[in-house]
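Report on one structure; see the data block that follows.
The letters A, B, C and D name the chains in turn, as written, and every chain counts its residues from 1.
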Amino acid sequence: METVTNQLVSIEKPEIVAPPDWQPVIIGILCNWCSYAGSDLTGTSRLQYPPNIRIIRVPCSSRVDTWFLIKSLQTTADGVLVSGCHPGDCHYISGNYFARRRFLVTKKLLNFVGFHENRIQFSWVSAAEGPKFAKVVSKVTEDIKKLGPLHLYKKENFEK
Amino acid sequence: MDYTKQIQEIATRLFAEDKIDVFVGYRLTGFDDNQVPALIRESKDVPLLVFNQKSVFNLSNYLKNDHTRNKRVGLVVKGCDSRSLNLLLTESQVKREKLYVVGIACEGVVDDAGQKMQNCLECMVPAAVVYDELLGEANMERRFIINADIQDMAAKELVQRREYFEEVFENCIRCNACRHSCPLCYCAKCCIDQETATLYNGANTTSSAFHALMTWSLHLAGRCVDCRNCEKACPSHLPLHLFHKWNERVIYENFQEHLAGVHEGDRGAFYKYSMQDPDDFIM
Amino acid sequence: MARVGVFVCFCGANIADYVDVPQVVEEAKRIREVKFAIDYKYMCSDPGQQQIRDAIAQHRLTSIVVAACSPRMHEKTFRKALSDAGMNPYLLEVANIREHSSWVHQKDKKAATEKASDLVRMAVAKSIANEQLHEISVPVTKRALVIGGGIAGIQAALDIADARIPVVLVEKSPSIGGKMAQLDETFPTLDCAQCILTPKMVDVASHPYIELIPYSEVLELQGFVGNYKVKIKKKASYVNFKTCTGCGACWQKCPVKVDNEYNMGIDKRKAIYTPFPQAVPNKPVIDAEHCTMLTKGKCGICAKVCEKGSIDYQMQDEIIEREIGAVVVATGYDMWDPKPYEEYGVGRFKDIITSLEFERMVSANGPTNGLPLRPSDGKVPKNVVFIKCVGSRDEAKGISYCSKICCMYTTKHTILLHHKVHDSHAYVFYMDIRAAGKGYEEFVEKAQVDTGTTYLRGRVSKIYKKGDKLMVRGEDAQIGQVVEVEADLVVLATAVSAPKDNPDLARLLGISYDKYGYLSEAHPKLRPVETAKAGIFLAGCTQAPKDIPETVSQASACAAKVCGLFAGDTMKKDPMISTVNTEYCSGCQNCVKVCPYGAIVTDEVPFGHGSKELRTVAKINEGVCQGCGSCVAICRSTAINLAGFTDPQIINEIVSI
Amino acid sequence: MSVETIVTDKAGLQKFYEAIIAKNETYAPVEKFGKYDFKLVKNLSECDPESPIAKTMSAKPLFFPRSAKIMKYVATSAGTDVSETDEDPLAGKRVIVGMKHCDARALQVLDKVYNWDFIDTDYQKRRLNTVVISTRCDKAETHCFCTSLDYDVENLDAMDVLIVNGNDGKVYIKSKSEKGIEFLNSGVTSHTSRVTEEAAGEELKKQYTAFSASFRLKMDYKSINEKLSKIFDTPEFENVSSNCVSCNTCAFVCPTCHCFKISDEKVKDTGVRYKSYDSCNNGYFTLMAGGHNPRPAKYRRWRQRAMHKFVYYKERFGENLCVGCGKCTTSCPVNISIFEVINQVSK
């Protein structure tokens, strides 16, 4: 099959110059049963990760509506991370399969209209993967630091 | 492509046999060769009906209309229109038994300047897929091709795409005509208009246009039939099809789902899943 | 306007060492809706909770934010504190500043404090949109379904029935009893399996609260906890159980001989048969596959000899429906087929048998009258080699888990062999001897001394034939040498494997199963008998390999769970489920399509105010909805919302960071 | 009021525009996606002052923006701090070129409603500081019917400077107000020659005659006004509105529609209150808190629109709210013509 949608060019180029003390804001939307429990395990294991992520708990990754991502990028966030149970492990049987499709299309569409692909990231983190959660958050934070503050389509005039 | 005579005959017959309450077709405007949709309710008005390459608007939009709800409706559909009709049937918005569908094997329609519409040049399903009666040659070719616009846009770099779409969102005046003219936007109240909390994006800013158009196009992802009612309605002439064609292509390349509305019962890519869906974009 | 109270916990030093707690309180006080904010050493302690209760009354608070540990830890505690103060418990939000801030940002107090403040602000914003929720009551049908009539099913059924709760017991084969009925004596006490099992089987048959449906299968399960509807296929037995007296004339006269499953095919049964003499119900069934009357229309002897006229060749499968409130799944296990062990000559050498075949032979009611015999020549074996871990703990050929019971039953087999053939000698090839259990280690020790069995630690690499003997070559790891043992009979301690029908059953019941086919429990430690689907419980080997005492314990645990579920006339349910705003619902029914539980049905409402026209909208079945939110996210018009995680709540969180 | 007329040629007009753009904050029609919208321009090549009416958005957003911040606030426990919004970007001294008479007339109509019971100071300021330069069309476009309405297109004084492309190949630039005179004397016309009004008068008349002859659509607005005011209950509204898809485009492109809605957008503690366009064609335009909707049916909303344009506004302010520009008709996805509709219902 001739593919065009999987070969988008996303170069790393900050949209605006970041102020020297700038720290990115990352919204993490985690499913209650796997990733939220995994993030708790990261805490109980005292594994350290960058403090830029703000976590929102949802019951299942399938609860994540596409506009959660759009709204986050449009208002407060420089990047979004959504994490759920591994395929097959969904507490609600099939939720993450539906979610996976929506995530892919949303990510591609936002990339298409000018968001760097690293602004919206996804992961599967199980309740046992505390170390993985720390690693994922570190990677996402690193990626977004490289990209700089998100300026695109932000609601005007809201000082952070 | 001129089925004026046939459609008038069918409409006359349907009214005579008391099979319909209203016939939705096209008529000429009072003064030029442009057409306006016509909701014919009496057989005496049937001679107003026309159908030719200027019959552009997707009439399945009218099935959410006050005048057609719960009525027996005769309806003219081209290929793309029939696909949206199929989705409306699948999504329980209309009852098949209340419809008499005149399908057209469409040879393409033209815009105001008389040029064949771009979506017609790239049409994948020219002939109606739902009909009680089909006018024209049914065995028309079906193909799935990459839209040239999409290819050009995808070849651009991120910054160029960003600049291009920033202009799109900037020129959007948030009139929501795209949504209202879309046959598949039938929600009682669109999520973008709901005053609940801050989901509401009433203001006409670049940011809110981005929010509204993204949400809208994602709600149509896997469902859009490329009739371009939205583009026709857009007073700013925005290239709205880019979003829909892009989503369509993403869905086709990743989930092998395409041609929304061709199969009855198919709700689109977001309402099913496969274990084999791509997983490599997820950490 | 909302009046929010914020309570920030030090958690001793857990939070306070890495987060500036007073600073978080100050930040919280800046928020418009926050009318009260305070910190405390241990918010979860009774004095801590008392502060919340007092503040609710004093400051007329409308919602509460507790910034402390993970909501997965203490949400319930604080909800209860709210209830005690007369406030709706769902007006609570927990900001997780321990697991998500103090513990993971221990090197940067400033950032951790900032993050904690943000998390509090998000929780405050969310709590403003919280609504009062009330636990949902669902009526309960007080009848349990037990699937499987082995010892697990029997025990569960009896325990539930003894609590005067009706039980429907469905068994696949013509008689209950399961694998235990095939055993001779049981470790570690060596009491006779039949002797302890058959009284229970009889109890089942005669219990006024148990409806035994043998020779049947579960076809379909619909509904939700407390309100299931099950369809059971009762296979045609061609014998009218109501009139049959079980006299046995039929099977004595039946001319067709078939391998006897009960005896592992060592002897034959008839086409009309009861599986074993103590079968319950003790009524024969016709094996339709082999009966010549049913296959070719010739014979009919059984009908002729039956004085009661109980034989009915026209009998059809019957579908029975029952309304039930809970399900206990006790489908047991299968013996693993050792075919992949080609180097042992499985299939080629007749004198290699499985442990269950050995068990049948040494059984008093077995095909050989309790004497182990070589299948090749019917001679009594003198040297018997037992090989353990055949299939178990062998990722390459079998399964990676330990089957748990093989060590013990092999020890038992050496004793049984010694009892039956006094001059015999047993050799055991083993990897480890796992004898954890009450009296197990003693049992093994004693058996080794009493029987004089030679234990060889190592795996068998090859078995070959030498004359009429089998040469078993393996490694004795303790002396580090290859050893060869001349054997008259080789017994393979084959692994326990999940019933091959388990995945089908799991799908039918809507529960999950692991990669081996064992059904999955809700939590491996804390909820080992429940499944993720409310009202469905697991007993016995269908969940994982177990011995009899463990199986019986789990079965009784299931019974306790079922009795607990049925303790009231209604059942309480978490109110965090989906709700439909019919005004916005356009009736597209996409939600129906994505709901994994079938919890969404359609309803009709008037088209407009006072209109006679009707339109279709979605309706949530409160009892079934588990609150995943799949329907919410795909609902384009946002007509569905998930209580506790509504759109306004989540938006408030997003925009308040 | 002394009136000045300047005569020049096409090249002179271009220079005139260039001088305006160089010396003033200038708004002009800029093409994007095949559609012109008034935007701030830096040089003439960006814009086209002679853009066709059908493809041009009205200049209304320069006075009544599609979305205006009317308030900004910070809400904390210390109280709500309401601050002025940023400086109004449309309030400074500026010039608009490329407007058409219908657009200019629309401002005249809008002035009435903005000077009525509540004086919209933002609007007033924008009006006061703006020099409106309007070009008289040469030829009517398909859906134009300005000459059939209650204003004198030939002698329209809604603009400060009038530009007419005479049939003789010359371009006539004429001041129509004090502001216009002042503006023409501000050094933007150094390359052009001046003539008296008498000398120009004849040519302007000729041009107008040719222009007014090019109209296809003609009606008698007086009889329309009168008939419409009597047929509130005619079932014909149901017929004419049946093919409307309620898309609201007409109201958003209309140069005189002035309904708006208020929305708050809040992030963290900071909120902004916006005033944005709304349309009476919208199904929930009249939805009240509590759920009652006096205009739930589409035909009622259509009737409201037609009546407001041709009856209610006239009753209150003495003028039709429609200026006959035809923008709604060209923008309509289903080609519904307001001209056809009002003529049909009042038949």
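By our rule, a residue touches a chain if its C-beta (ideal position, glycine included) is under 8 Å from a C-beta of that chain, and two chains touch if they have at least 3 such contacts.
Everything quoted here is computed from the prediction, not taken from an experiment.
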Touching both chain A and chain D (chains): B, C
Centre-most chain, if every chain is reduced to its averaged C-alpha atoms: A
Centre-to-centre distance between chain B and chain A (centres being mean Cα positions), rounded to whole Å: 33
Between chain C and chain D, centroid-to-centroid distance (C-alpha), Å: 73
Geometric centre distance via CA averages, chain C-chain B, whole Å: 50
Junction residues of chain B, two or more chains touched: 189, 191, 198-199, 205, 208, 270-271
Touching two or more other chains - residues of chain C: 594, 634, 647, 651, 655-657
Junction residues of chain D, two or more chains touched: 265-268
Contact graph of the chains (line, ring, star, complete, other): complete
List of chain C residues in touch with chain B within their complex: 129, 583-590, 593-594, 613, 616, 634, 636-639, 647-648, 651-652, 655
Interface residues, chain A side, partner chain D - complex: 75-76, 155-160
List of chain C residues in touch with chain A within their complex: 70-73, 96, 98-101, 103-108, 111-112, 114-115, 118-119, 122, 510, 512, 532, 576, 594, 596-597, 626-630, 632-634, 642, 645, 647, 650-651, 653-657
Contact set on chain B toward chain A in their complex: 146, 150-151, 153-159, 161-166, 169, 191, 199, 205-208, 210-211, 214-215, 217-218, 221-222, 243, 246-247, 249-251, 253-255, 269-271, 273-275, 277-279, 281-283
Of chain D, residues touching chain A in the complex: 69, 72, 86, 265, 267-268, 270, 272
